[in-house]
Every structure is written in structure tokens, then in C-alpha cells.
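Two complexes, one shared chain (chain A), two partners (chain B, chain C).
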Partner chain A sequence: MSDTTVTRSAVDRTRGFSTLQRARGWMSNPWGRPRFLVVITWAYMIWALVPVLIAIQFSFNDSRSRTVWHGFSTKWYWGDPVNSVWNDPALRTALSQSIKLAAADVVIATPIGVALALGLARWRGRGSGPSNFLMLFPLVTPEIVMGVSLLLLFTQLFTVVHTGTTAQILGHVTFSISYVVVIVRGRLFSIGREYEEAAADLGASPSVALFRILLPLLTPAIVASAAIVFAISIDDFVISQWLSNGADTTTVPMAIYSATRAAPLPSTNAIATVMVLITLASVVAGFLVWRMFTRGERGAGQSAIGDFAALDA
Partner chain B sequence: MYPRWLWPAFALPGVVWLVLLFLVPFYAVIGVAFGSVDPILLQAQPAWNPLDWNIGWFSQVLGELTPGGAYWTVFIRTVEYVVVSIVGCFLIGYPVAYYIARHATRTKTLLLILLILPFWISYLMRMLAWVNLLAPDGYVNRFLIWTHVLSTPYGFLDGKSSTVIWALIYGYIPYFILPLYAALDRIDRHYLEAARDLGASPFRAFVHVTLPLSKAGVLGGMVLIALPMFGDYYTPNIVSGAPTTSMIGNQIDLYFHGGPQPTIGAAITILLSAFLVVLMGYYMWTIYRASKELRGA
Partner chain C sequence: MAGGEVKLIDLVKQFGDVTAVDGINLQMPAGEFFSMLGPSGCGKTTTLRMIAGFEQPTSGEILLDGEDMAYTPPHKRNVNTVFQSYALFPHLSVFDNVAFGLRRQRASKVEIKQRVGEALGMVQMADYGRRKPSQLSGGQQQRVALARALVLKPAVLLLDEPLGALDAKLRKALQIELKALQQQVGITFIYVTHDQEEALTMSDRIAVMNEGRVEQVAAPRDVYEEPSTTFVADFLGVSNLMAATAHGDSNGRCRVSVGDFDLFAGQGEVGTSGETKIVIRPERIHLESQDSTGENRIPGMVERVVYLGNANQVIVRLAHGEVVQALVQNTGQELHYSQGDPVRVNLPPEALRVLRDTGAAPVADAQAAAPV
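So, the complex of A and B:
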């Protein structure tokens, strides 16, 4: 096959075919070396990631500019007595509010989601169909629709809750449960029922089969979903904003949003950088635990990354 | 081996949660949209009983959303932005997903990591990055002046539609590429070998085998990014902020956060959801089908 490719492109060159035709040849030959695809792919990666790296660079700028480089400094993290992430009360509040919401979300959404995944995967009675349908809905609803409806819920119907931290936590859990279900259910199907049935044949009671066999097998999925819930919650902007009631319940994405629209300082870049590190740390930790538990179930680390990537899709 | 009540009991807390905090809130939107407005305080007075519904506000908003109405331009602009952005995502995303799925060998792991990385960088951080770059004295303007393309800085951030579309593509393209990559990666290479053995040219093999087999992935990715784009208001607000680039989400945001007129905001929200129902249904169907396949396997 590759011989054919070589002669083809040689012929193309001698006949002076257009670049487009040559590009077409590379794109379409599944065994050839598609040079222009390599270029597009790496150009995309640079385009997708370098702007963020530049934003991180300017969080270390030794001046108030986010566009002109004046040398390295950590003053926007802790050095500046007024405007640094550490010393600006608004940024500190935002950081603690974001972490608080994400932690509460993980603690509440993970157990509810795991139980729902188990229930939906195995319950075959009336009501299981509609429940499955209901579970998928939050995944496809635009966030602004959820934001509006939760805001009106807490201001018009369940007025005991009010807007604020409680409402934000309830909102975050609502959009997180479905992610947990999808991740855990995938794992549940790949495990199958053989292990539990074997345990039952050997005399295990249902509770032993459930807690000593099934739950340990589900652990990687539970850990991965907890990490992903933490990450999506800490990066959430829309639900937090719609259910916020002022400065005390501002999260970091909200602080970035309002700063970007006003006059941002490099401290905005600094707090955004902190958030990127927190999110990446939680996802990497989730991935490492996932791989530790599923090692031996598959060959190389490559497919483990593929599996973990598939969790998002 | 397990008691019959066990699985419904496991599902119960989650189902109750979603009913109370996902379904009931929709009813709150309907109640407000079909309610009335206090003439003095201008506060929404929701109508919970369908018999008390007042369709006055709703039909007024509906009228403004039809050709010639005040929201019609915004609606058309939203559709334009979303469609152009989706086409942009496809043109950039397909070659990237195709390369990683089909050709990347030694670099595949690295490319996959780079591909998922934007998922875990806050969307707002990624927008902030472009605001820095596109500022009058930012790197982009300075590069264009240095190369003599421009003589004075170009106001990328002063309400330009192209900047909003650029930002939408940049913001949502990772969500398009990843499912498409997964779909392309699943394609059985034997089909391609068969096509080549039967004499298809590489280009024909691509057009008649790879492209049709990746159709579901392309459509899924498109719907996945279309839904949040239709509800987006923060992207145009961050990179433009001008009324000339406002989308339908900005109208909703304005009626809740700008001037408190929740009745109109709720009515627009309902109409937006009704407009998106087909896309939502399609996407839910694909997830449902995928989970069924998983269960069967």
C-alpha cells in the first residue's frame, strides 16, 4: 500500500498537480503519511493552548499591564498588599466560595448519582423508562435555561431557600448527578453481573455481594466521577451566577467575568491560573486513581487515557 | 438474588431530586411567563393554576420574535453566529480528530492529553486569554502592526461579530472534537481495507466509508455544541459587550439582571427551549442508544 502512495505522490509532483489534489491524496489514504494533517493538528493544539499559556505568563507580570511584559514577579499572587490573590478580600472570598461549592457538590452528588446509576441500570419496572429519560435531561439543557428555572424556583416557589450558597449548592448538584450516573453506569455495564452471581453461588448474601463485590469494582468509576464533578463544579459560571445573591457568593469564574468586563489586573490572570491548577490537579488525581484500580484490565496506558477521555464525551 | 424493591429504592433519591430541582423549576418558569406583572412594583406575579394563566405577555414576546419584531434581529443573529461557528468547528475539528484517530502513532497519547486539556481549563479563563491577546496593545495587534498589516491597532473587542464567532469557535471546539474523535476511532479499519482491495481510490474510500461512518459523530458533536451556544450570553458579553452583537441569551440575561422584568425573560426562555427541543431530543436519543449498545455488549 505504501508503495502505491509513494508512486502516486511522485506522479502528482511530476505532473504538477495542484496542492489541493495532493492534499486530497494524503487525507484520503489511510496508510500514507498525511503531512498536512500533521500541520493542521499541531497548529490547532498551539492555537487551543498557547493563548492560555500567555494569560498565565501575564499573571507573573511585574506591572499592571496584562499585555506588555515588564519582567517576572509573583506580586499578583501574594506580593501586592492590596490587589494580590492572597490579599484582595474579594478574590479570597471568591476562591473559598468556589472550593466550598465544589466540595459540597462532590459530597452530595456522588452518592446520589452512584445510587441512581445502580438503580437505573437494574430496575426493570414501571417508571424506570421515564426516570432514565429524566436523568438524561440535565445533560442536554442549556445552562441558561437551568439557571432561569432554578432562579425562579427559589424566588417564586421554594422561597424558603432564597438565592445564595444553599441555592448554588442545590443547583450544582442538580447538573452534576447525571455526569456521575453516565460514568458509573458505563463501568457497571462493563463489569457485568458474573462476579456478583459467583459470590451468590458461593453463599454470599445480597448485602455482601453489593458491598464486598460490586462497590469495590465500581470504585474507579466513583473516584473518577467525583473528580469530574469537582472539576465541572469549580469551573461552573452560569448556575453560580444565576443563583448568587451578591459579593459573598461570588465564585472565581464570576470574578473573572466581572473583572474582564471592567478593568482587569494581572491578579485576574493569577486567580484564573490558580483555578486551572486546582482543576487539573483534581482531574489528574482522578485519572491516577482510575488507572491504579483498572491496571491489568487493559494493556497500555494509552487506552486508559482513551477510556478516561471517553468519560467526558 | 437481590430483593425486588432494592433497585427502585436506590434510584429514588436521585429521581426525587431531579423532579424537585429539575422538573418543578420548569413549572416555575411557565407559571411566571403566564402570570401577570404588578403594575406598580413591576414584580412578577406567577400564576400556578393553569386556569389563571394569562397569555398576554407570552403572546407579546412571541410577536416580537417573529419577522419585524424587536427580538427577530437578535434571534436571526443568534442562528447566524451558531451556524457559522459550527461550520468553523467542523472545518477545523474534522481534520484534527481524523488525524489523531487514524494516523497518530507515537504522539497519540500526547495529542489526546492536549485534546482534553481545554476541558479542564475554565471557559472564562480561555475567554480572558483572548481578551488579553486582542486588546489594543495586545500581542495580536502588536504583531499585525509589526508586520505592517495594520498601521493603527484594530478594535477587535469593540463589538465585532467576527470576534464573537471566533470566541465561540475557540470556546466550544473541544466539545466537538472529542466525541468526533471517539466516533472515528471506533471505525473498523477492515472496512477501509476492503474498500481499497475492491479498487476504491483513497479519496473514494474516505468519501464512501469513513465519512458516512463518522456521520453520527459529526452530528452528535454539532448538536452538543449547538445547545450551549444557543444559550450563551457570557461570550458576547466578554469579547464585545455591544448591543450589536447580543444573542438571544443576552436578552434573557438582560431581563433578569439588567432590569428586573422576569415575566418577559421567562417567556423568552420558554420559546428558546421550545426551539431547541428537537436538538435536545436528538442528542438524548444518541446517548440512550449508546447506553443500550453498552448494555447489550
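So, the complex of A and C:
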């Protein structure tokens, strides 16, 4: 930033403007080109992204060091016979466990969430207000509280479940449903009741109206919420940790945490990079589907990114 | 097309404490173009939605060809709706939108193709079958919405302000088309609008509604020329409403006092006595030079002249303080009035109407009014 500012102000001085006058100009007309805001935005982006990029860089380091660069290598991904992501059984198990949990979470939470959203959006009467509000509860409850309560639930009350993969899936589903409900319900409100009424008017029974009209119109929201459920499930740490019952049910975030505390190797960075890529891929795929389906809708073009970004927690 | 007579009997709809429709009685004979006209919140749309089946009445009956269908779900009613925002299914092509209802009736592929083609042809959209609704202009979407509803050959077509979202010129063109279409298909059209011009140009009869009640049901000419309540007179077009004291009938005319002036009113409730309202349309007022004489003339002073293109609107303050608007047709000659000029305002008795002075009128005349 400083370089450009210096050259700009140098140019300005030759024209008879100082940086101060420039700033004053902006103050008097904030609707002009918002140069300062652009600078602040980029500064933040760099601040937020640089650590991630450094972590990714050292996953390709050709040595055991995570701080000193020794050249490019993919050995921490698959080359190293013992400690690479591919060959270290602990990391491999963690990766498959994380993907398993996220996939199961998507498959279970999405349909339930959609059904709940439909019910809550259409239900008028006593109790509909509070239940709509309570849907937000899992979103604001501290995860640690939820983790502890679920642990107590599965070890004291519903002992059939006990800890392990099933408990982890149930835990993830519990907090994921809210995201699906909030996203799908938002879309339901924005598309309104008129399409359903038009379908009924043209002779469609409620179930036909649901499957032929409503669900196709909800597709972008359903896909987006599935992508987000996948993303938040795969990087969940707290609930996975509380409901785990040993090495078999360790997830990637747990594996990274314990590795970092013990003897961190660039393979930790490698598996973190894999996580970043998986999360990114799921969110990008969700966004593309959202945009594809909402193309041509009134005002959807400009707000698609905003709508979608607003959903990601 | 046989059938299509709609009868509403003591129809009431309450939303919580709010009464949206407050005991409506209406009869729309088969094949009529019937409009419900009123300001927003007058209950016209709620009434339409009850006929369509989207709302259930709190009490009362909705008869379609003599059969009560107040509690029949919308998909089992032989009525179709054209929505205000068209509600074309965005994920389906124009063809599939129009075919949607036929597919629900399990029509054969050949029949669907033929009838959709006919319906799109009728609204001049035959070449647009493969497009998506988002690729059409507002006017085109409106036509498709019309085709989608008409393809099912309903007994009654319900239209909820279907031209509201279009620009003025297109709206005028579609008004004429819509009326022609109605005469062509011959089914009952029930049209909801807040635009008096739309209602006046297209309808066989108009129900003017206010606060959940029907104020007057009559042919367009009658609601405009012979408004029965102050609300109707005020809502339809610009009216000059004046408070007056009536002194009863004298030779078929009513003598009324406006301030210190005595006028004769030859229209409306000429037998009235006591406090009332009189009304006159701006185009029926004559402005004369200040030395003209004769009955029904009140001196006044020009306050403002507004050029409207086809006419000039002249706002005159009468001697007793009330303000009236006069409309002077543009005949090509320059108007010789300007601000501050003294004039004499001629309110011809045959144009001056005495009204029942009630905002909310009884609805008894709804049933009595004969179809045109």
C-alpha cells in the first residue's frame, strides 16, 4: 500500500493536490470511488489468507521442518512411506472418518431439514412462532455445551447409542439441521406462496404441487444447504471430539490437533491442505448449482453471491 | 360456454380481529365481465381469493352454478386465476407452463399439444413455447398467464390486477384485447382492480367496494354518472364534493343551500332534507364571465390553471370558501383565465347530484341491481 500511496501523492503534488486534500475530497464525496475501502478490504483479505497460504506452502516442504523452506516436494502427501497422509494409518483413518461423517450428515440432515423448513414456513398458529425461533437455538448454543450434553445423553440416557461413529453422526445431524432449515426457509419466504397457489389453481393436488413446483424451485437452496452441511461437518472439532471413542473415530481436525501438540510434521499441513480443498470444493460446487438454478430470476444475479455467502457460517 | 354463474351470499372473511370482507352479496351471471373496484384494503382481493379457494370464508356461501363450493379446495374448482405477478413457473418453459393444468387432467399428448397451441395462438404467443418465463417481457408473461388459465376452459376466470405491473401504454392495449378475448371465449371474468379507468373500459358491471363492503353495483356508466354514495362519487374520477343543506323536493329538483347561495340539484336523492353532500364532475362545470346571470351560478376566483394536454384544469375558490375543479376541454384556443381572475361558476342542475351522505352504504342494492 505504501508504495502506491507514495507514487500517487508524488503525482498529485505535481498536479497541486496533496494526500490530505485527496482525503478531504473523499470525505466531502464519499459516493465517489471508495479507494480507502478498497485498500482496507485487500489488507484484511491478505491478513486472513496469508497464514493459510503459508501452511499450504509448508505441506510441500522437502524436509521435516514446518518453518524453514527446503524446496518443493509432494512426499508428505504420498511420497513418504511412513508419515505421509496416504501412508500414515492414523491420518488415513482420520480422513476417511471425516468424509464418512460429513457424507452421512448431508444424507440425513438435508431431507429432515427441508421437511422441517416446509412445515415451519407453512404452519400458522399456536406454537409456530416459538418453534421458528427455537430453530435458531442450535446455531447460537456454544458447541462445547452441545457436545457435553450430547455426551451425557448418549452415555447416561440413550446408552444404546454410546459413543462412536453413530453418536458422532447423530451429533452432527443435530446441529446441521438448523442450517438447512434456515437456508431453505429463507428461500421459501422469498419465492412466496403464489407458485403453490398457481399450481393448486391449475388442478395440482398438494403433493403434486410439492414435487413438481416447490421442490424444483427449492433445489438451489437444498444443494446450497447440503454443501454447507458438508463443509461445517467436515471441519467440526468439538462435537466429534466429545463423542469419539478412540483412534477409529478420530477425525481430521482431531488428528491435526493432537499431532500439532505432539510432534508436528509437514504431513499435518498436508492433511490440512486436503481439508481446505475439500471444503472449498463443496462450497464452490454448491454456489455454482445455486447460480445455475437461480439464473434469470428477478434480482438473483446480483445477490446470489451475497445470499450464498450469508449462509456460510 | 354454458355455466359460470357466481353468487356470493353474506360472505364474511375475518383475519383475527380484522374483518376483510364484511357480508358481501353479489351475483355475476354467466358470461359477464364483472369488476370489483376499490382502494387497497377494501376486500376485493380477499373476495377473489375466496372464489379461487385460497382463503376459506369465515361465513357465507360461494355458489358456482348453484353449487356451494366455499370449502372445496382450489384444485377441485372449475375456476382459474391470473395472478398479479403472473406466477409463471420459472423452471418450466412457456409450453410446459400452459400444459401444466392439462397434464393434471391426464390429457393425451396429442390433445395437450393441440390445446396449448390453440391457447398460445389466442394470446399471440404461439412462437414462444420453448422460452422460459424469464426470457419474456412483462406483457408477454401476462399473455402466457392468461393462456395458462384459459386453456383449461374454466367456467370462471379470476383476474387479480393482471395489468398492474405493466406500463400505461401496454396496459391500454391489453385492456382492449382482454375485453375482446372475454367476448370471444364467452366465460365469466371476475376482475379485481384499483384502477377505475380499467374497470370502466372493460366491465359489463362494476362493484365498487370499500372497507369490506359493496358500495354500489352497476354498469360503468351508472357508477360514474350516478354514484349512489359519497364514496363512489369520490373514488371514481375527480369529483367536486360539497357540503350542503337540502330543503327537499321542488318540482323534481332539490333545493340546496351552499353557504349563502341557493342551488337546484336535479340528480340523485332529490327528496332529501337536512345536511347532505352534493357532487358535480369537473367536466360538467361551466366557467362564465363574472357578469353572467341565472340560477345555479356562484361567483368565484381562479386559484390555479393546470395544463393537462387535452384539457385545462381550472381550480376555482367559490365565494363561500369551498374549492372546485373545473375541466375545460382544449379546443385549440388559448384559455383566457389566469390566477386571480373573478369568474362565475355555473353548476347546471342536471349535472348536480344529491348524495346519501354515508361512507359505508347498505349493500341491499347489490342483489337488486339487474345485469346489463
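As a convention for this text, the second predicted complex is superposed on the first by the 265 of 313 C-alpha atoms of A that agree within 3 Å, B and C clash if a C-alpha of one lies under 4 Å from a C-alpha of the other, contacts with A are read in each partner's own complex, and residues count from 1 in each chain.
Here, contacts are C-beta pairs under 8 Å (C-beta built on N, C-alpha and C of every residue); 3 or more make two chains touch, one makes a residue touch a chain.
Keep in mind that what you see is a predicted model, and the values were worked out from it rather than measured.
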{"item": "Chain C versus chain B on the shared chain A, clash or fit after superposition", "value": "fit"}
{"item": "First (chain B), second (chain C), both or neither touched by A:Leu134", "value": "first"}
{"item": "First, second, both or neither for A:Ala200, with chain B first and chain C second", "value": "both"}
{"item": "More chain A residues in contact [chain B versus chain C]", "value": "B"}
{"item": "Touched partner set for A:Val276, first chain B, second chain C, both or neither", "value": "first"}
{"item": "Touching partner for A:Ile112 - first (chain B), second (chain C), both, neither", "value": "first"}
{"item": "First, second, both or neither for A:Ile213, with chain B first and chain C second", "value": "second"}
{"item": "Contacts of A:Tyr44 with chain B and chain C, given as first, second, both or neither", "value": "first"}
{"item": "Partner chain(s) touched by A:Ser96 [first = chain B, second = chain C, both, neither]", "value": "neither"}
{"item": "Contacts of A:Pro264 with chain B and chain C, given as first, second, both or neither", "value": "first"}
{"item": "Geometry of the superposed three-chain model: angle at chain A (Cα centres of chain B and chain C, steps of 10 degrees)", "value": "100"}
{"item": "Closest approach of chain C to chain B (Cα atoms, Å)", "value": "5"}
{"item": "Set intersection of chain A contacts, chain C complex versus chain B complex", "value": "197, 200, 206"}
{"item": "Chain A partner contacts - residues on chain C that touch it in the complex", "value": "52-54, 73-76, 79-81, 83, 85, 87-91, 100-101, 104-105, 132, 134-135, 148-149, 152"}
{"item": "Of all residues in chain A, those that touch chain B in their complex", "value": "1, 24-25, 27-30, 32-34, 37-38, 40-41, 44-45, 47-49, 51-52, 54-55, 58, 65-68, 112-113, 115-116, 118-125, 127-128, 131-146, 148-153, 156-157, 170-171, 173-174, 177, 181-182, 185-186, 189-190, 196-197, 200, 206, 209-210, 231, 234-235, 237-238, 242, 252-253, 256-257, 260-261, 264, 268-269, 272-273, 275-276, 279-280, 283, 301-302, 305-306, 308-310, 312-313"}
{"item": "Residue numbers on chain A that touch chain C, as the complex places them", "value": "194-195, 197-206, 208, 212-213, 216-217, 293, 296-297"}
{"item": "Footprint of chain A on chain B - complex, ascending", "value": "1-3, 6-15, 17-19, 21-29, 31-32, 44, 46, 92, 95-96, 98-100, 102-104, 108-109, 111-133, 135, 137-139, 170, 173-174, 178-179, 181-182, 185, 189, 192, 196, 201-207, 210, 227-228, 230-234, 237-238, 241, 249, 252-253, 256, 262, 265-266, 269, 272-273, 276, 279-280, 283-284, 287-288, 291, 294-295, 297"}
